[in-house]
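Following are the structures in question.
In what follows, subunit A forms one complex with subunit B and a second complex with subunit C.
Up next, the complex of A and B:
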């Protein structure tokens, strides 16, 4: 009992808590609006996972970078890079799509290395460097594939859309894989070092850590997960498009912030997952809410832009809330210090 | 017996300083502000690279280019400004870079817990090893910082003013651990400003002044006065009192009265007064709460406790603009951050103070700005290429004169200066002093904070000395001697016979 209490209080203080609260809130909202029977049906869950897996994975990919105190907003267009490389390699060389995916992974790691070089070695501001990189990657994409084309063998996308054992969405397997790798990494030195480097690079250096090397590792992890996201995107769309997914970069970033990842040394991959989940479920909820309105109000029709407006306003409020909670935490901490100091003074006298 | 021997000589902060420490020896490193103590520590810790000189360990020359190098050589460091990562837990901080490893490249968690808990027990740190460091009290953070350095089982332990935030009983605990380490043959370099600690724990002391090591003594063979002599370069009580200032304060009107102001954690309890037409100095070591005090007066930071009376009225400024509207001027030593608009022209910089008053959209004729600036430049001998050149084209001294000119042109009732001559050449410094004195003669009240004793003695009529967020002494008239100032800065008070004693509540 006491252990449960302690674990609970530890979880309350953990960085993932804020994101978790938001996530649970919107999850309940979604279940209520959609109806539990429908929401928990394996078909609806499968659609939820398979349609949103690229965004969720992109958010997860971004989290090690944010923890290590850096950023890559060109990650969205990098999914398209993985997509076009995979498709074109399979199509032009006549090899299996597996080889294509492998080349896509290599492409993703290469772009990550380039971004790392710009940010950690040349010390360009990460947001500017990666923004510029968007246009470079986009140019490369169009060079590789000039217009949307290509297709994925049916066996691939059917597997992607399938349910394992009749209940587990195949796409969720990718999520499990990423979390398993992350859980392992968190138990290695790398897991400590990225928090140290993100928290305070100077002190990390004093503790014998090489910040640039740690950030390189973080970029490689990001490159790997981003490649998975690109593969998920390819399987989902079952075709190639050089100019897609660009907006995923900024959406993943806002998902990270909503999930409670700070800019450097704070948060975890769970935060990223909760943030992405919040984004996904809000859109889902708003969709079903409007459906509900159509049904009960005869003659009620609005364009789908209204749905976007409503869900984006809610996302904006979510972002605002993270700022409010962060500020409250800081104030509480400061107040606590003052109280303790006053107590100490009294003891002295 | 292994000899650990360090010699080193760098250009900027340290000039040919050298230092030796033997295994099982606790050596104090003493000196006043800017004498290069912390630089020495940072060089050994690998965070600063020396420009010259040599470091020898066991008689062999070594190079320390990074924290990693220092660790490999068995050097553990507890830094003055702490090297903890606030967003990480205590356990992760202590083990950082030195985790016990288990299988498959994973950190052995059980071992980690055991190690850290043993360590926390040894220091009697009563905190959850999984607490985030940023939620800990400053004193606990300091203890964790030391524990982190000790965890490395270093052959040489560097402690840079680690006791500044500690309570008395925590200091005793720390000393017990240090004695234990000493018995095990660890060499310890202990930087402190608290003299009684030197005598209590240290065997030997190296004293630094202006970047050079000037004396190497055994602590049981010297007196406090001798140490102060080495630090200041003056024979105690051998000199006449400075007569830089007037003593007839108290006759003028009370301009500023501060009672028991507190801004935790830096400022604990400060009371002082400033009268019309006098220059009040604020002295003390760095980090005793002077900048926070001045910013609390201005309303940049909100104080937690206490009362400020200005011209007989209780005030509580909400922002510096509020203070400016009450005719208070402020000049900071942090020119680039708090005073200059480096890329704007000289005349705009001078006019900035005037522009802060008045309505936002009032038309400012270029000629008004130019004439205003021209008059100020001439009056204060600021060497400028052209009024149109950007402010960062000027030398540090001239930039500072520019800041002074900006405020003086507004003729404030009270002028606050925070270390205004930091990095300013001697000539400009004299010029600034002359201007300040002239203004005081004309009835302005000037309050100047400085970490340089010479400057305070030269310019201030009265000097309040801050020590750990409290006033440890007020010097005026015949009391205003360099060694009394030095003593007050150390938190010491002198009894009737002139023998140094520890201040109460140190």
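Up next, the complex of A and C:
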């Protein structure tokens, strides 16, 4: 019993707690609005995962950068780059799509390295440098593929949409892969250094850590996960489009913040997952809520603009809520250091 | 910088000092160089009407950057500039609907809208203490969604003929009459930033909030007010933009959010707060406009244009916005 209490209090102090609270709240809301039977059906869960995997993975990709105290908002258009490179390599060279995905991964890692050079070596403000990069990547995308075209062999996207063993969505495997890699990385030196660099690069440097090198590693991890997100996007849309997904960058960033990631040295990949889950479930809930309204109120019709407005307002309110939770969290962090014996019995909000 | 010290500097250090001592001067020099290159490549681009267009777009961007400059000086960030401008433009065309004599009413409503959004920004960034970048982005999203909901995606109406004339008609054949608004607005912003008590408090607050608080400045009020001013100035820029375009659509001026930020940064206002001037932002706006004009004149294909624009932006950032090295 004591152990459970201690584990609970430890979780409450963990960075993921703020995001987790919001996530659970909206999950319950979604289940209630949609109806438990329908929500937990494997088909609906599969759709939820497969349609939102690019956004979730983008958010996860952004989290190492935020922990390392930097940023890349061009990540959205980079998904389109992976998409465009994969499709065009397979189409023009007449090779398997696997080779295309490999080249997409290389492209993603290259752009990440360029962004790292601008941000860590040239020390430009990350938000402006990566904003400039959006223009460059967009131009490159259109040079590679001038208009939306191409297709993915049916076997690929059917696999992506399939359920493994009848219940586990295939797309969720990508999530498992990313978390497994991250869990491994957290056990290496990189896992400790990234928090030190994000917290205070000067102190980290004084302690013998090379901040630029650690940020390079973070950018490579981001490049890899972003490539996975681009592949998920390719499989989901089953075609190529050079100008898609640009808004994913900003949405992923707000997901990270909602999940409780701070700028530098605070937060974890689970925070990012909860943040992305919050965004995804909010959109889902609002969609079903409006469907519900259409059913019970005869003659009630509004445009889809209303759904977008309601979701964005809730996302904004979610941001306001994180600060309430995050303030408590900071308090909890301080308390964690002095090992207050009443720590486990603090009021839950 | 004494002349003795200057004598001991290497050539590259001198260039760096020259660039960093006055970003505004540098931005103007680069603008002139860029324009010269443009003219050299395509001599036909040198004509009075093109010059007038450059002035017009520069003024519009510098109006949009006025608020951003204040917010950056106060160590904040305002991404709602674009969304507020678009909303004000939609409001203007909808309310004016081509009728003369409606300017004052529209002006009052646009200012009220701007003040309300700015106040929300201020309260969220200052009182609730959220990161300004994220929260203003979220508010900007909400404002944009409102545009779609209220107009059903298709804003109606157009700006009144008199108002349009007061913005786009050319004095002496080339100088756009928008300059008359600048004659009023520029001194106003200069006074607010450099001569007023509020301006001094803003610089102090941006430079060191704790010290400003200790000297008795109500820093929260100063910072909330700067967001309010910023949104009101953006709303005014949006109204003028509506007259320039004569009709509006949703998200019409959204790119001004980032463009104004880049113009302000290029003009030498620092992210850290407490440093910067509106002169710099005007020069930055000129640079951005000349750059975009040059890319249009060169008639590059759209993707190449994008790439060049991105690379030039990176070059500008490299020239004078690098952070201190970790080792220093």
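Going forward, the second predicted complex is superposed on the first by the 323 of 349 C-alpha atoms of A that agree within 3 Å, B and C clash if a C-alpha of one lies under 4 Å from a C-alpha of the other, contacts with A are read in each partner's own complex, and residues count from 1 in each chain.
What we mean here is this: contacts are C-beta pairs under 8 Å (C-beta built on N, C-alpha and C of every residue); 3 or more make two chains touch, one makes a residue touch a chain.
As the structure is a computational prediction, the values presented were derived from the model and not from experiment.
Chemist: With the two structures laid over each other on chain A, which partner does A:148 touch: subunit B (first), subunit C (second), both, or neither?
Modeler: Neither: A:148 stays clear of subunit B and subunit C.
Chemist: Scan A:266 for contacts with subunit B and subunit C and give back first, second, both or neither.
Modeler: After superposition on chain A, A:266 lies in contact with subunit B alone.
Chemist: Considering only touches as defined above, state whether A:205 meets subunit B (first), subunit C (second), both or neither.
Modeler: Touch partners of A:205: subunit B and subunit C.
Chemist: Looking at the overlay, does A:131 come into contact with subunit B only (first), subunit C only (second), both, or neither?
Modeler: A:131 sits against subunit C, while subunit B stays out of touch.
Chemist: Which partner chains sit in contact with A:10 here, subunit B, subunit C, both or neither? Use first/second/both/neither.
Modeler: A:10: touches subunit B, not subunit C.
Chemist: So subunit A touches subunit B in one structure and subunit C in the other; where do those two contact lists coincide?
Modeler: Residues 202, 205 of subunit A touch both subunit B and subunit C.
Chemist: So in the complex, the part of subunit A that touches subunit B is made up of which residues?
Modeler: 10, 13, 184, 187-189, 191-193, 195-196, 198-200, 202-210, 262, 264-266, 333, 336-338, 340-342, 344-345, 348
Chemist: Write out the stretch or stretches of subunit B touching subunit A in their complex.
Modeler: 45-47, 66-68, 70-71, 77, 79, 82-88, 92, 95-99, 101, 105-107, 109, 130, 132, 134-135, 137-138, 167, 264-265, 268, 304, 505
Chemist: Within their complex, state which residues of subunit A touch subunit C.
Modeler: Going through subunit A, the ones touching subunit C are 118, 122-125, 127-129, 131-143, 201-202, 205, 211, 250, 253-254, 257, 263, 303, 305-306, 308-309, 312-313, 315-316, 319-320, 323.
Chemist: In the complex formed with subunit A, which residues of subunit C make contact?
Modeler: Within the complex, subunit C touches subunit A at residues 124, 128-131, 133-135, 137-139, 141-142, 145-146, 148-149, 152-153, 258, 261-262, 265, 271, 302-307, 309-311, 313-314, 317-318, 321-327.
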